[in-house]
Structure formats: structure tokens, C-alpha cells
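Take a look at the structure below.
Lettered A, B, C and D in written order, each chain numbered from 1.
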Amino acid sequence: MILWILKINKSDNMNINTDIGIKLENPFMLASGILDENGYTMERILNNGASSAVTKSIGIDERKGFDPPVIYHDENYVINAIGLSNPGIGSFKDEIEIALRSGKPVIGSIFGKDAEEFSLLAKKMESYKVSAIELNLSCPHVNGYGLEVGSDPDLVSEIVSEVKSKVSIPVFSKLSPNTSDIIEEAKAADKSDALVLINTVKAMKIDIHARKPVLSNVYGGLSGRSIKPVGVRYVYEIKKELNKKIIGVGGIENIDDAIEYIMAGASAVQIGSVIYKYGINIFNKLNNDLNEFFIKNDINDIKDIIGVAIK
Amino acid sequence: MKYAYIIDNVQESENVNTIAFSSDDDIKPGQFIMAWVPGINEIPLSFSSINKIKKITVKIYGEASEHVAHLKRGDYLYYSGPYGKPFTIVPGKKLLIGAGTGIAPLIPIIDGNTYGIISGKSKKDIIFENHFKDRLKIVTDDGSCGMKGYVTTALKTVDLDKFDMLYVCGPEIMLKSVFDYIKNINVNAQFSLERSMKCGIGLCDSCSINGYQVCTDGPVFSVDQLKNMDEFGRTKLQYSGKRVYF
Amino acid sequence: MILWILKINKSDNMNINTDIGIKLENPFMLASGILDENGYTMERILNNGASSAVTKSIGIDERKGFDPPVIYHDENYVINAIGLSNPGIGSFKDEIEIALRSGKPVIGSIFGKDAEEFSLLAKKMESYKVSAIELNLSCPHVNGYGLEVGSDPDLVSEIVSEVKSKVSIPVFSKLSPNTSDIIEEAKAADKSDALVLINTVKAMKIDIHARKPVLSNVYGGLSGRSIKPVGVRYVYEIKKELNKKIIGVGGIENIDDAIEYIMAGASAVQIGSVIYKYGINIFNKLNNDLNEFFIKNDINDIKDIIGVAIK
Amino acid sequence: MKYAYIIDNVQESENVNTIAFSSDDDIKPGQFIMAWVPGINEIPLSFSSINKIKKITVKIYGEASEHVAHLKRGDYLYYSGPYGKPFTIVPGKKLLIGAGTGIAPLIPIIDGNTYGIISGKSKKDIIFENHFKDRLKIVTDDGSCGMKGYVTTALKTVDLDKFDMLYVCGPEIMLKSVFDYIKNINVNAQFSLERSMKCGIGLCDSCSINGYQVCTDGPVFSVDQLKNMDEFGRTKLQYSGKRVYF
């Protein structure tokens, strides 16, 4: 009986708040591009357990994106080539306003072709009252065939510096795993307040009966369960080498996956593709399961396990 | 991606065809598939028959629907799914209300106690009328078939009290007019919504209405759910995600 | 009845032989590093459906490799950090001799730190009577922190040229997906007779109860089902851009996976990790299933489907 | 990776301990796990008890086995598995032949009709003798316990015809001597082999013998299988994969 009371008290004292430059009431954030193009959808997810939402990556102009199929999935992964569809920064103010009715922080994800575009977008986002900016550096590099902005360290460092000098809210850089040297990329983004790891891995699906690539764009980005070991590796390596604040993302399906990212060095995690399996209820479930994990394993504060696996 | 061998194609009207194929998928009325037309597009389509032999009734709007509508015996239909929450089938007396091809996904609900209202612009839009024997009212804008008027014209001639459930399918404007007509009457109803869909699995946010995804939370919604959705019949999303007003 | 006879005849006329610079009686090869360090094991696998075996990557000196755990697996993937353990080229002659008793081609995989080492190893391998050389370019780059030999195009092109000039058997280059620009890497390896795509993807596993990385080396390479969409993508892209002969590898578990690689442009495929699920019997099964697939889909010759999905 | 809470640790002899833990794994006699000692190594270990309460009997050779042998109540054992093909249990009269700790994985086979031979260098190597009541022969190199001699010394005193199956476990040299002794006699036997193992799942080739993987094709092999393996008792593999002769 006394034991039971102690457990209850313990749960009350448990701290699952976390800090990524902004304070979050729990470590579970909605990842960019999944159910966050629309203010109502973000609002609903924020009212159902997510501590914050990163918006779909928004550019200067409205973009229709690629024709469907833009998403292929099986039980282990999702491959998407949405084609950066977005309503354009001009009409995104309304969506953020709606999302902010939840009372929770919204993080504005943006993409552009150069430092100027990124800065413009960041300033607009700031004026819409987002709590932080997330730079999507995986958009196509204008000068490099098939390359991403993120694989050009000079450009990355220019974009980050520029944006930092233009806004006063925290700036996160989201890095892509499609690079030979992620440490270099991370160093280039050093002025960011936190790094978001990882974006999708280049991939594709061919339908052998139709004998054709499924996605209209042929190539897409792999996400979901299959990429978790890749994401954990990048979080661990960069935390160990650079000791930056990190937000982990990639293939998180359950509390064990989230804890693995946190022990690798992530201060918070983003949840994306898994929503196709469990719906938005995954956020409430993760919160419950985190509490249970803390009690079972005698953990009082999430800070005590961030990066604990690093040796 | 699944694939099915087309065994039949029947033309229902000028630009509406029904294709048939056999598959073991367990489909409930109101659920849909994403039909992939390689090189062209991928579109949501629901079922007009859900037995071992499945049927899909397609109206030609653009390239993708045209391709599917013209699949002939021996061709393959590529698809994923089934997706979506189906209609809840209640025992008792049912009224099916479909606008044009909107009647198609309601056909699998028909049992010994079902009545129907089919609306359309004119006679050539009316299909599946023979599935209802005499338990059917038809209403067309131009009066070329059945009553002249809109779906609400037909509703006014029906004693809705007698029905345990209304099942409604058609363009959102038509759904809204039925909804407005019945919202203050004590009658139960389920509406199947249509929004542009890019994924079908609740990830892309392109089909959303007031934070709900039509592809996974719907396409079927109840009166009570719709009462809380102020976007219903008012706004829709472009492919870019931009919200526009009807 | 007549139909049945036709089917039988058809199966007789079906051609599943393939050509990757050497002729293979079927497209299913044993991948390097999986059950091919030992002559007897290779012999057994070659007698059970594999058309050829690529040896474990062999270096100049005997290497013990890392301490266990060197392999972690779950139902979707394997992560390994064997640490290039190998008996050394000096004592590998016996193993190849034993493997060759099967009457099937053996391909010698080698790794080194520079063109000189690679050449020496290739010449030895040729003298042991292998049918081709596979260059494992994913070994650590001596001058680049955390980088692989394969991410240095100049070094790759030097190694390939040198080796080609020293041996008269075909030379394959095995490329790593851990790079920002695989096209550049493939171009650097242009003198190779075929490209082998892909090696493992950098990854890791943390055990959340022990709070430690599982592999003794911390980082490892991801293989198995999870990486198939990545491998298919590289095969497709490089086949399309460079039209080289390609051997596909990565996550092949069944005939549909193999066909997907072939339709993406692979003339043959290698089978590795899946052996932990189905044992070496997978090779016989793939052969049976390939025949069945050909009959069902009216395919007479594997040549007719190589790269057929490319648009 | 699985983990189990250690509930007991009993010292069996100078450098042999038995640890106990509870787990729902379904283990068959002869199967093994890969026990992970974080920061140190990962080693194969088999079971001396396979009920709901599982037991593992460990002899200390090096760092990893020492760590496992010293796990105490409240510690965790990390492992993966179970792996390997188990002994085939036949009805009828069985003879268990174990060298030193080699007797441990045979203990779960014991039923009302089992006899035993335990061999060892000297008295301190003999464990588990109390599991056999009087149906046991002990043989030691130095004669400090039971007969003086080798395992074959004890075998000579037994009428092997009467046994339906022999189960043999110990160092490969000992297995080979039993194998040579019985290979021309008409008696059935199963041998559990020990080779260095890096993966346990049949990928790394480090445990191979004549093309067979001890971790997945074994560790238990029949007389007929071993007759075709000329490496048996003759060669083994180093961690590098290099073949050396005993």
C-alpha cells in the first residue's frame, strides 16, 4: 500500500519536459510534412498529445507538387515524393493561427534555394508567431545535379548564419542522411540552436507487375521503421562528436524506439510516418508509455537518459 | 501494390462505366481503393459491388478516370487498399440518397428494406435505377427524368421519420443541402465525403476537413461529426494544400 | 492437355542464364561476407542453387576482426561490424580450391588501403583461379576521418585502373550508398566490367535496457529487408545514367525482390542477410520461383526484363 | 536483445556456477543463447534447466564467462536466441555422456530411463553427479573420482546395445573419441559440438564444419552427419576464419 503511494508520488515528480531551445511539455513532436499543412489538422494533433508541431516545409510560392502516386507504403516503410507541395508562405498565416489555438508551440519548417529565400521565409514565419524555425536543407541544390542544399557545407553555413541574423527565435537545421560526411554538414550548421536528424533516405519502388516505378517522380524518400538504425546512428555520432542539441526523427514507432533515440543523444523526437499505422493517437500512447517506462526503470527526469548510451 | 484481372466492363451511361474483377479483399460498403494508372495518376474509387466479384463504377472526369473506365477484359487494375471507414449498416428501414454516380457506392447496402433517391442534372446522369424496383424517387434539375428539382425537392416528398438510417453520397454541395435539410429533424444519417486525396493512408493532409482526414477518419461521417465541422460544404483544399472556398 | 505440354516445353526453352562479364547459370549469387570465408561452406552453397559465390573480402594480412557482438538482427534487418576479419590472402588459396570443386565460378572480393594493395590481392586471387575480382571499396579511407575509400573518386579510379591493368579476368566495383553523389563514384569506377550495388548503409543499435550500443564497434552496416528500396534506387539511377552492367544486392528476400532489382537494371543479384531467415535453401527456392514467375508472366529470357522499368 | 532478471546463482565447483532466471522462452534441450556481456563479449551458452525457471551452467574461461558466472540476484542477463537445432528426444533407454561442464546441457534430457557417464580431469571437474542417483559412471584422468582413465574407459564397461540413444557433449576431442569408439557399433548417438561463434544465426561462417554451420545446422549432429565431416575432430577455425589443426 505504501509502495503504491510512493509510485503515484513518483509519477507526479517525474519530469518529461524537455528543452530544445524552446520548452516542450513532452518529447514528442509532429514531424514536418506529415499532417501539418493544414491548421485544423495541426490543432487536432496538438490537442491529442503532441507537444509541438513542425509545419510542412513552406516555400515562397504555392506549389502543387508531383502528381500522385506521391506515396508508396508497405508494412515496414513509406516512400514519398510529394514534390514540396505547399500553399506558399503568403497564405500560411491562417494555418498557423488556427494551430496556435492549441496553446502549444508551432515550429515553421521552410525550404528555399538560397540564403535570401530562407531568410525571407524565416522572417515571415516569425511574424506568424511560430516558436522556432526548422530549415529543411534537403531541397534540391540549384547548382548540383541530384544534390541537396545540405550536401554543400558552404551554402549550409551561409543559410544558417543569414537566418540566425534575421530572426530572434531559435533556428533548427534538419540534415539529410544522403551525404558522405554528415559531421561536416553538422559543423556547417553549427550556428543552429539544434540539429534535426534525419530527413528521408533516397529510395524507390518498382512495381514488378506494371514494370514501372510507382512514384510519379520515380525517386522518393524512405521513412518509417526501415530507417531507424540509420537515424539513431547519426544522432549518436553527432551528439558524441559535436555535443549539439539534437532532435531525433526517423522510424519511431513506439516508446522503445523513442528511448533509443533519446539515449543516443536526442533531447526530443519527431514522429512522422508511423501515423499511417496507428493514427494520431500514437502521441497519447507514447506519453503513457513514456511514463510507464520511467516508473519501471526508475527514471525521474528525461535529462538523465539523454545521450546516456554514448561511450 | 495489388493487381486484379478485369473480367468485364459495362457502360452505364454516356461517361460512366462499371468494371468488374475478382479479388479476395474484404470490402465493406463505403470503403475505397487508390487505383493506380501508371504514368498518369492515382485516384480514389469506391465499390458498387463487394462480393467475390468486385465492381467499381467510374465517371470520366479526366485522364485517370478515363483510363480506368476503359479497362477491358484482360487488362489489369493496379491498386492499393481497401482504405477508409465504411458505412455502419443498421437493421431496419434505410434510405439511400445518391447524386449521379454517388449512388454507386450505396448499392452494396441494398437489402429487402431499402429505398432510394437518385438525383442528377438530367436523365443521362441517372444510373442504377433498376436496383430499387419501385422503391425509388428520381429527381433531375431539368425534369428529364422523375421529378424536376433538386435532391431536397425529393426529400420533401418522403416521410423521413420512418427511416432508421439515411445513407448519402455525392458532391459536397449536395451532401450539404441534405445535411441542412435534416440537421434539425430527428433522423439518423451517414454521409460519404469526397475530397482530393494524394495518399489514402492519413499522411499527406490533402483530404483534411476540420482536422479530420477523409481518407482514414472517413470517408463516412455521421451527422454529429459533421455538425462540428464548419469547413463542411464551405471550403476545400487545392493540391498545393491551399484552402479555397466553394 | 496440349496447353500443359506447351508449358513444359516453354520451361525448357526459358533462359535464366545471365552474363556479368562471366556467364552465370542463374542470376543468384552469394554476396560477399556471408558464409563465404570457408571453402567448404561456399562449396555447399554452390551445390545448392547459387550460380556463383563472392568470397568474404580478403586483405593482405590475417585479421581477427572486432570482438562480438559483431552482428545484431531483428526481423527486418541485420547490422554488422565484423571488422574485416579474414584469414589473409596467403591462406585463402585452400578455401578457393575447395569452393571450386563445385564447378561453379568463384569471385574474389578484396579490400585494401591503396591501389598497390588492391593490385597485389587481385593478382593473388587470379592465381587462385577465381573467375572475377570484386573490389570492396567500402573499407576505411586511410586519410579521411570516418570516410570510405569509395567516397574518394580519384582513389577509386586509380584503384580500378591499376587492378584492371594487372589482371585479365573481369573486375567488379562494389559501391557504398554512404555517399552524396553515387553517380560520381560510379563514373570513377567506369573501367570496371560491372558495378555491384549496394554495400551496407551506416547504422547502429542501442539496447535501451543495457543503455549501450550493442555492437562492440558501436557503428555497423545495415543490410536486409530495410535497405531494399535504397539498393533498387541506386541500381535504377546508375543503370539509367551510365548504362553499365550491374549486379544488384541489398535486402533481397524473395523472387519479387530479385525481379525488382532486375527490372531496375541488374543483370544478376547477390543474396546475403536473408540467409539468417531461410538458410542456404533460399537459393533453390529462388530458382524455382524464378521459373514459376517466368511461366506465369510469359517471360522467356531474363534479358527481356533487365532494366525494363527504366523510363 | 532480450533480458532476464537473475534470481539465483549457485557455485557448482571451483570455477563453475549455475545462474537461474525466469523466462517464457520455449527452450528445447541442446539449444543455446548468445549471452551479451556489454563492453566485453558475446558468448554461446546452453541450458542446464529449461523449465519456466531457466538455468545456465557456466565454466569460467575468460572475461565473458567470468562475468556471466558471477551474475547475482538482481543483475540482468542480456541475450538473444534461443538458437540451434535441439537434441531429438527418443523414448526408451538413454545414455548421457558429458565431459566436465559438458554434462550440463544434457541434464534436461533426464527422465526415468536415463543413465550417465561423466568424465573429467579430476574430481573437481565432476558436477551434477547427484542428478543420476546410482545410474552413473564417473571417470577421471587422475582417478581422483570414479574410474581412472578417459571417457572410452568408462564406455568399455557399458553394454551399449541396450541403449536406444546416446547423447554426447564435451570438447571436440572427447566427442571424437566417443564417435570413433561407437562408429562401427550399431548404436544411435547425437553429439553436441562446440565451435567459436560470432553470430549464432548462420551468417558469419566462424562456426562452420565441412560447410555446415554449428549454430544453425547444429549444435547437435547425428553419427551419420558426422561420418561425412572430415573436419570433425581434426580442424577448427580461428576468429579470423583461418583453419587450424587441433
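Keep this in mind: contacts are C-beta pairs under 8 Å (C-beta built on N, C-alpha and C of every residue); 3 or more make two chains touch, one makes a residue touch a chain.
Worth saying up front: this structure is predicted, and the values here are computed from it rather than measured.
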> If you check the contacts of chain B and chain D, which chains show up for both?
Replying inline: none
>> Based on mean C-alpha positions, I'd like to know which chain lies farthest from chain B.
In response: D
> With chain centres defined as C-alpha means, what is the inter-centre distance between chain B and chain C in Å?
Replying inline: 50
>> Can you compute the centre-to-centre distance for chain A and chain B, using the mean CA position of each chain? Integer Å is fine.
In response: 36
> Taking each chain's centre as its mean C-alpha position, how far apart are chain A and chain C in Å?
Replying inline: 34
> Mind pulling the chain B residues that touch 2 or more other chains?
Replying inline: 39
> Which residues of chain A are in contact with two or more other chains?
Replying inline: 209, 212, 311
> Which of line, ring, star, complete and other names the graph you get from chains that touch?
Replying inline: line
> Among all the chains shown, which pairs meet the touch rule set out at the top?
Replying inline: A-B, A-C, C-D
>> Going by the contact rule set out above, which residues of chain A touch chain B in the complex?
In response: 34-38, 40-45, 56, 62-65, 67-73, 78, 80, 82, 85-88, 91, 94-95, 207, 209-210, 212, 214, 216, 272-273, 275-276, 279
> Along chain B, where are the residues that touch chain A in the complex?
Replying inline: 1, 3, 34, 36, 38-43, 76, 78, 197-199, 201-206, 208-213, 216, 231, 237-243
> Can you list the residues on chain A that touch chain C in the complex?
Replying inline: 76-77, 79, 145-148, 151, 178-181, 183, 201-206, 208-209, 211-213, 218-219, 222, 225-227, 229-230, 232-233, 236-237, 256, 259-260, 263-264, 297, 305, 308-309, 311
